[in-house]
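Below, each structure is written out as structure tokens.
In the two assemblies presented below, chain A is common to both, partnered first by chain B and then by chain C.
On to the complex of A and B.
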């Protein structure tokens, strides 16, 4: 039992890979390196896939157009006409979180199991939400919108600015970490064949659902911020 | 001390009760709604997923608190 616990804690730990030797050493953790790797993968993939686009599409381009069109329609249905300018960001976040959650399949760990990664994503989301509100309504009407529908619930509306990113961040982190812990336990206890069906649920299904939920909630909040 | 930590973590995870009941009710109503109006399935399942995500958050908070209790109180 002792070795089991130690092994589990060891696998849950997020190690420091190296330190940037300025300002007294900035530690760079595994999750940061993994995020960079995923970003590089996505950027490279995007560059390779959009080379030589033609007016009459080939097979590859047709599949790509269907995928991009599907994502575009999904977000436009959520955010409406006015939210169109935020679609590229939302699609990028969806791709990043989706890839991060699925990366456990190839033997790495999902960087979203690090609280700092999800906290960063959630802070970016809330900044975008409030920015969308200010850009759409103007600063004055944005401030006024805190007092809607009645002035007495203004404190709750202000609190929401902090609660929304907290819950976005904790939801993604908790789900991924939970799935990860269960998977690691199973892998230690029964490494042969047993993890395969569980991996379908915890790695693929849960990861994709959480991606969906994250971008769905963010775009619903944006929609709420930009509508009158 | 270890026993107390274990009990505390167990109590924190009990938040899952509420989320389970809530998601169960939501799903049963959603199935009824789809049975009544199969053409509205897309909209219903979108709202169901949203509601489940929000209801599930409480369970996740409990889980995170339990993990923190175990990790930091040792």
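On to the complex of A and C.
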């Protein structure tokens, strides 16, 4: 039992891979390196798939267009006409989180089980949400919008600036870490065949659901921010 | 350890921005570009197809009108031809009739003249015969033949003409 707990804690630990020798040494963790790997995978995949696009598409291009078109329609449906400019960023986040949550399938750990990654994502989301509000309404009307629908709830509206990213961050982090811990325990206890059906739930289903929830909520907040 | 925020947070933000720029450049822009290009092309083709259809319809209308006009023209030409034919026919028939009448008249006149001539010939011959007979009769009675008296007699009888 002692070794089991130790083994589990060992697997949950995020190690520092190397240090960049400036500012007294900046540690680069496993999750950052994994993020780079995922970025490289996505960018290289894009470059390979996007080569020689034609007006009359082949099967590969058609599949790609359906995927990208589907993502576009999804975000446009959520954010509306005015939110169109934020679609590329939201699609990037969706691809990044989706891929991150699924890398557990190939024996790596999802970078989204690192709080730093989900915090970064959530802070970027709230920055984008408030930026969208300012860009749409102008600074004055944006400030006034905190006193809507009535001035008394202004403190709550201000608190939302912190609550929203915190909830986005913790939801993603908690779900992925929880799924990861359960899967690691199963892998330690019964490494043969048993993890397969559970992996479908914890790695694929939960990973995709959390991706969906994250981008859905961010999109809804953006829509709220750019509404009149 | 599980909840400490460190440099990974900063790295994540930088990573996200870099990934956003890269994906926008390598994935979204080309695919959206080609999709929009195709949409544009289809729109253009639909418009030009509509234009061509309109043109074709106009052309057909024009053609039909021309055809209708041509039918009318043909009818007119036919009628004119028929009229002219009828006129010509009438003229020919009329001329033929006139000719026939003339020929008949001529023939009748010829016949009359011939008859007259024959009659004259016959009467003079008859007169000669009569004179001869009378001479013979007078000779038989032994008297002289008064030719003047004979002619007068014949004239009286209408045999001999002046």
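By our rule, the second predicted complex is superposed on the first by the 228 of 228 C-alpha atoms of A that agree within 3 Å, B and C clash if a C-alpha of one lies under 4 Å from a C-alpha of the other, contacts with A are read in each partner's own complex, and residues count from 1 in each chain.
Heads up, the rule we're going with is that a residue touches a chain if its C-beta (ideal position, glycine included) is under 8 Å from a C-beta of that chain, and two chains touch if they have at least 3 such contacts.
Predicted model, so just to flag it, every value in this text is computed and none were measured.
Applying the stated clash criterion after superposition on chain A shows that chain B and chain C can sit side by side. Shared-chain residue A:171: touches chain B; no touch with chain C. When the two complexes are overlaid on their common chain A, residue A:204 makes contact with neither chain B nor chain C. In the superposition on chain A, A:182 contacts neither chain B nor chain C. In the superposition on chain A, no contact is made by A:135 with either chain B or chain C. In the superposition on chain A, A:39 makes contact with chain C only, while chain B stays out of contact range.
When the two complexes are overlaid on their common chain A, residue A:69 makes contact with chain C while staying clear of chain B. One of chain B and chain C touches more residues of chain A, and that partner is C.
Contacts of A:217 after superposition: chain B is touched, whereas chain C is not reached. Rounded to the nearest 10, the angle at the Cα centre of chain A between chain B and chain C in the chain-A superposition is 110°.
Remark: least CA distance from chain B to chain C after fitting both complexes onto chain A is 7 Å. Residue overlap on chain A between its contacts with chain B in one complex and with chain C in the other: 177. Against chain C, the residues of chain A that register as touching in their complex are 12-14, 26-29, 31-32, 35-36, 39, 42-43, 46-47, 49-50, 53-55, 57, 61, 64-65, 68-69, 72, 88-89, 91-93, 95-96, 114-117, 119-121, 123-124, 177. Within the complex formed with chain A, the chain C residues making contact are 1-13, 15-16, 18-20, 22-24, 26-28, 30-32, 34-35, 37-38, 41. Every residue of chain A that touches chain B in the complex is listed here, in rising order: 167, 170-171, 173-175, 177-178, 181, 209, 212-213, 216-217, 220. Residue ranges on chain B touching chain A, taken from their complex, read 46, 49-50, 53, 56-57, 60-61, 63-64, 67.
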